[in-house]
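Sending over a structure as structure tokens; questions will come in a sec.
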């Protein structure tokens, strides 16, 4: 089999009202593709279940380590505190890594 | 960049009819947030594709190692055998781990 | 806790028009179950955002290393170049690994 190589997957959970702004900011960080799924959820603003139960979005995008760093910084500065956005990073493997960088 | 730290993500696939009961049980295990997506699927009750093709749910929640252990035990005792529920654990990385524990 | 063991999760992003063909090909590779979620997305055919923005699907299936190898080969030969399908592999942990192989 062609060799699999590691790359980072970033998953972002946010209120659906943030969708277009988040996508614009992710594109500014250089991402080349993404998927968005509608999800329900209960959140974790601070230490308790909050009342923004309802429509959320779940964005996934693949990124190089450098873009990942820029994206996490962008989210930290503009989204985490203000909007209770959640993001987590998974190491995944792909063929043809160059297509995603 | 602020340091990323490891945490466990638990993904649960189940019949959508189990949703409210599963969420209640997960909250009893101490989770602070989750997302639910509707998915289609074909299952793997035993060794073959089963006839419960149809609406399933896919629940995601982040947890500390201790909560993870409690959740897997709860699922083992009440859901895996009886309902063909599937669960898998992914190690992911987050900023601000304390928000999820 | 019962011991968790590693297994591969394959996630495939594709145009929804490919769904039935992809599922048939995955079954030919021996998978025993899967989930499909509808997602929106923008893609990465080559080096730029493409115009197939719209309905995509996100398929997840668990597989042994051997099946994983067959699936990636099948996708490479029939889907990656022709249809801009994306696939990535995550190492996850499950109880009862034998149920998924």
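A, B and C label the chains in the order they appear, each numbered from 1.
Everything that follows uses one rule, which is that contacts are C-beta pairs under 8 Å (C-beta built on N, C-alpha and C of every residue); 3 or more make two chains touch, one makes a residue touch a chain.
What you see is a predicted model, and the numbers here were worked out from it, not measured in a lab.
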Exercise for the section: List the interface residue numbers of subunit B and of subunit C, divide the shared ones by all numbers used, and answer same when the ratio is over half, different when under half. Expected result: different
Fill in the blank from the handout: Cα superposition of subunit A onto its copy subunit C, rotation angle rounded to the nearest 5 degrees, comes out at 120
Practice task
Calculate how many whole Å lie between the centre of subunit B and the centre of subunit C, each centre taken as the average of the chain's C-alpha atoms.
Solution key: 19
Problem - subunit A residues counted as touching two or more neighbouring chains - result: 37, 90
Handout entry: subunit A residues within the subunit B interface of the complex
Key = 11, 13, 37-44, 46-49, 56, 58, 69, 72-73, 76, 80, 86-90
Problem - Complex contact set, residues of subunit A against subunit C - result: 1-2, 4, 7, 9, 32-37, 62, 90-96, 99-100
